[in-house]
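There are structures below to look over.
You will see two complexes here that share subunit A, one where it goes with subunit B and one where it goes with subunit C.
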Partner chain A sequence: MADKVFIAFQNNADAQPLINAILSDNPAAVLSESPGMVKIDCPARLVVRRASIEAQLGRDFDLQEIHLNLISIGGNIDEDDDQFVLSWQS
Partner chain B sequence: MSIEIKTTSIEPLRRTFDHIAEKLGGDKPASRYQEAVWGLQPALNFHYRPTWDQSYALYDQRRTAIAMRDFDDLIDPRQYYYGTWTMQRGRQQDSQERNFEFVEKRDLLASLDATWRDKITHFVLPIRHVAWAANTNNAYICAYGYGAPVTSAAGMHMMDELGVAQYLSRTGLMLGDNSTALLDSAKLAWMQSDMWQPLRALVETSMVTQDWFELFVLQNLLIDGMVHPLVFERFDARIIAHGGAVFSMLSEFMVDWYAESSRWVDAVLKIAAAESSANRERLESWISHWLPQVGAALTPLAEFALDGDGVAVVAELDGELRARIGRLALQV
Partner chain C sequence: MAKSKKPGLKERYALLTRGLDWETTYQPMDKVFPYDSYEGIKIKDWDAWADPFRLTMDAYWKYQAEKERKLYAILDAFQQNNGQLNISDARYMSAVKLWLQGITPLEYAAHRGFAHAGRAFRGAGARIACQMQSIDELRHAQTQLHAFSHYNKFFSGFHGFAHMRDRAWYLSIPKSFFEDAMTAGPFEFVTSISFAFEYVLTNLLFMPFVSGAAYNGDMATTTFGFSAQSDESRHMTLGLEVVKFMLQQHEDNVPIVQGWLDKWFWRGYRLLGLVGTMMDYMLPKKVMSWKEAWEIYWEENGAALFQDLSRYGIRLPKHHEVASKEKYRLTHEMWTTLYQYGNALSLHTWVPDDEEIAWMSEKYGESFDTQYKPRLLFLRAAEERGERYYNNRLPMVCQVCQIPIFYTEPDDSYTQCVRIVEAAGTKHHCCSDGCADIFNHEPMKYVQALIPPQQIYRGEAGGARDIFEYAAWLHLERGVDTGEYRGSPDQKNWQAWQQAHRAKPADAA
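Now for the complex of A and B:
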């Protein structure tokens, strides 16, 4: 259990660029869809990169905007302006 | 009584429209932008030719020398459709409006000395006529172009250019204490002053350019690509050094908008150039034909605005624009 981190978003049009960016930045990530929600599981470490989201979105993006569609996360957070990283720190 | 709560998962039968799935190469979730622009161009059932030009169909790919397998490839990296574009411009207008109010309330324009007031009147205000021509030119691209991604973006670009012209007009009104005197004298300069005639001639030539893609290159890449940096960067830096920071407040929108819309212009050209070597050569020949003319037309204006440094600054701007064009994998 503790070897996997996850992030879950509402499954809507606004979250789609985030999901695409996360999946392309984390090749090991696995997407599972539930009604109204998508959950992305990833072994060890998952990174959400601002630059990738901006490329998907075609505009400037403040990483804090992910909270608008964020449902839940599992993992310790390490965040700055450019990336949001989930991992389990020992 | 016991209530059993359970969830039922309903798998959507399809993620997007068939024509979008075809373009995406599979039934994947599509963005609103993709659904808003792809496949929107009317292409079928126009069996009657327009009476005003029998040599072309109403919507005809042959109206430009640029050939694309699919004009829907010319997408906008900003992903603007009506909703996203109006929200973005609405926000920008709110902030620009506050700038105007601030300047008006503190009467900041009163602190400008006569030299710079004169330069704004005779160098900056006539740019509203250039912006209006850009508005008309983009209306032409929107009307005669092919493929909704580029024509719809040109439609929005058209309104943006009108916004630029209007902000300049407002600056003129504020500077002239709500009289149109300064705008009138700016118009007179545009029509009669020697230094404006080369640019005016070029702008009028652009307005009778037939090929919409050539017009796109001339107007959106070359004319705007030289005029905006000259007025809103170089002249702006000069006037700030002479106590005219108020000018930057009144032209903040233009600076942001130019940086933003350049991404669209560059992306369209990059995609068209990557399509085929024929396209690339065509674009290169248009650019090498028009670019020196734009520089030459701006030189007398830059000389006036920048006190004799005009030639050097125009050469610099030309170099910067060539570097930008080089990044699009075009060689000129």
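Now for the complex of A and C:
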């Protein structure tokens, strides 16, 4: 089994479009909810795409806006203007 | 026009971190930055350092300002609407008191530490990352103090955190952790705080515990906690980056980094015993046990991280298997210790009620039922007879982690674990092989640690002759700030407020 990466957000309305976009772009991702927060686990690699979030939001989105509601991550990060990727290389 | 197009993220970050600094000419670089080489870490190319988030200063201030606006709007609402009445139970306040006393001063220490580390690195990317983190940590200390100040109006035990920081025996646990890091070199400091503590371990503090705060109706802690954690994800990334940077720069760095990972995993784990106890015992409504949190955040997520680092020749930290063996007992052993030394704590302790004990049975199974549940019931029976148990002496504590020596042998949870180490002709006591290894690696560092119970018994605590005089020297009022929860002013006030709260509509009708 591939090692899991994860990303966690505050469970609020602002984070919902991000969560929806991530779940649709990463079919293997699993969402778990705790009070106040959601954690998304995914085997090996998880991608957050700006275009998918913009489609959810109906407005332009700067990927760095994810800092506002981000709680934690596990994985190596590769970020540019269009996507934010978490991965383990093993 | 194409020319006016804003540069991309990678380009903007490169503009900030490459070429804005300069080579010194009045003095050689090695004299200007003496600390980034004396630990033995070899750096060939500082420009290989990159912050994966590539945060630039303008974006940093913009998003931090937005976080602050959100946070303070919520704190205003919390204060104006008597948010303190919405917590699950006043016992919950013990967790908040411990946070204020033990964790908030660490945020301030981190602010100082990163300012120092930032000055010590000669690479601009590393300096900027440390600068941002230093400002973040100051923000965390301030927002926590601001949030907790509201509780200080209604509950006991919040008043003296600054006075107690350098005097309270149990607060030397977090304090010594950070001072150990701050007195190391800059690479070890960043490895200890950003990587071992923040990447590997603080998910246990900020995720399940803060989620627990949300579940217990603590809007203030939930809000600053998650706001701080949004910075923390950046710090964790810095931590992983600095470790990978060192490992990639030179193979000679690998054993040095491994040694730091071994040391700081263990020190961080020992410190987190307090957080686990907050989760299992101080949250009246429970979200997740320490054991479950350890399995998710260390055994699963931490193992994935170390698997990733194995390509550089890094292995799992020493004694990680001991930590996993201890997951069944860590918090139960810690709670009994806090319970018995309750006369010298600025928070309340108690025996959990039947419902909580049933939850512990479900989460911890046979070991809890055979070993810790009978002990809790024994303590409860004593209390019901009017003989609430206190240990009115002070404990022998570990020379390294400064936790009382009450943990048990890894393979025998009925035998106290003590390791005696020697340096400079004196004997010292450690709580575990992990702490003994740390001591033996740098004995002349740890022999200098002032051990609170020893200092108190030497008369250094205002000449206090017993635990009650010592507590008074901490500015703690017996039975108000300290001791048993049942019968405390916190409990009486809470019950009165709940009755008043419920009585109102009936009166109006």
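The definition used in the following text is that the second predicted complex is superposed on the first by the 87 of 90 C-alpha atoms of A that agree within 3 Å, B and C clash if a C-alpha of one lies under 4 Å from a C-alpha of the other, contacts with A are read in each partner's own complex, and residues count from 1 in each chain.
Keep in mind that, in the parts below, a contact is a pair of C-beta atoms (placed from the backbone, for glycine too) under 8 Å apart; a residue touches a chain by one contact, two chains touch by 3 or more.
Not measured: the values here are computed from a predicted model.
Colleague: Among the partners subunit B and subunit C, which is in contact with a greater number of residues of subunit A?
Modeller: Greater contact footprint in residues on subunit A: C.
Colleague: Taking the superposition on A as described, I'd like to know which of subunit B and subunit C A:L68 touches: first, second, both or neither.
Modeller: The answer is second: A:L68 touches subunit C but not subunit B.
Colleague: Looking at the overlay, what does A:L57 touch: subunit B (first), subunit C (second), both, or neither?
Modeller: first
Colleague: Would you sort A:S34 into first (subunit B), second (subunit C), both or neither based on which partner it touches?
Modeller: Both partners, subunit B and subunit C.
Colleague: According to the stated criteria, A:V47 is in contact with first (subunit B), second (subunit C), both, or neither; which is it?
Modeller: neither
Colleague: For A:A13, decide between first (touching subunit B), second (touching subunit C), both and neither.
Modeller: first
Colleague: Between subunit B (first) and subunit C (second), which, if any, makes contact with A:L23: first, second, both or neither?
Modeller: Neither partner.
Colleague: Show me the subunit A residues, by the header's touch rule, that subunit B contacts in one structure and subunit C contacts in the other.
Modeller: 34-35
Colleague: Quick one: which bits of subunit A touch subunit C in the complex? Just the residue numbers, please.
Modeller: My answer: residues 3-6, 8, 10, 34-37, 39, 63-65, 67-81, 88-90.
Colleague: Provide the residue numbers of subunit B that touch subunit A in the complex, in ascending order.
Modeller: For this pair, the touching residues of subunit B are 7-10, 29, 31-33, 76-79, 88.
Colleague: Quick one: which bits of subunit C touch subunit A in the complex? Just the residue numbers, please.
Modeller: 8-10, 52-55, 59, 63, 66-67, 70, 203, 206-208, 210-215, 222, 226, 229-230, 232-234, 236-237, 240, 244, 287-288, 300-301, 303-305, 307-308, 310-311
Colleague: Would you tell me which residues of subunit A are touching subunit B in their complex?
Modeller: Where subunit A meets subunit B, its residues are 13, 16-17, 34-35, 57-59.
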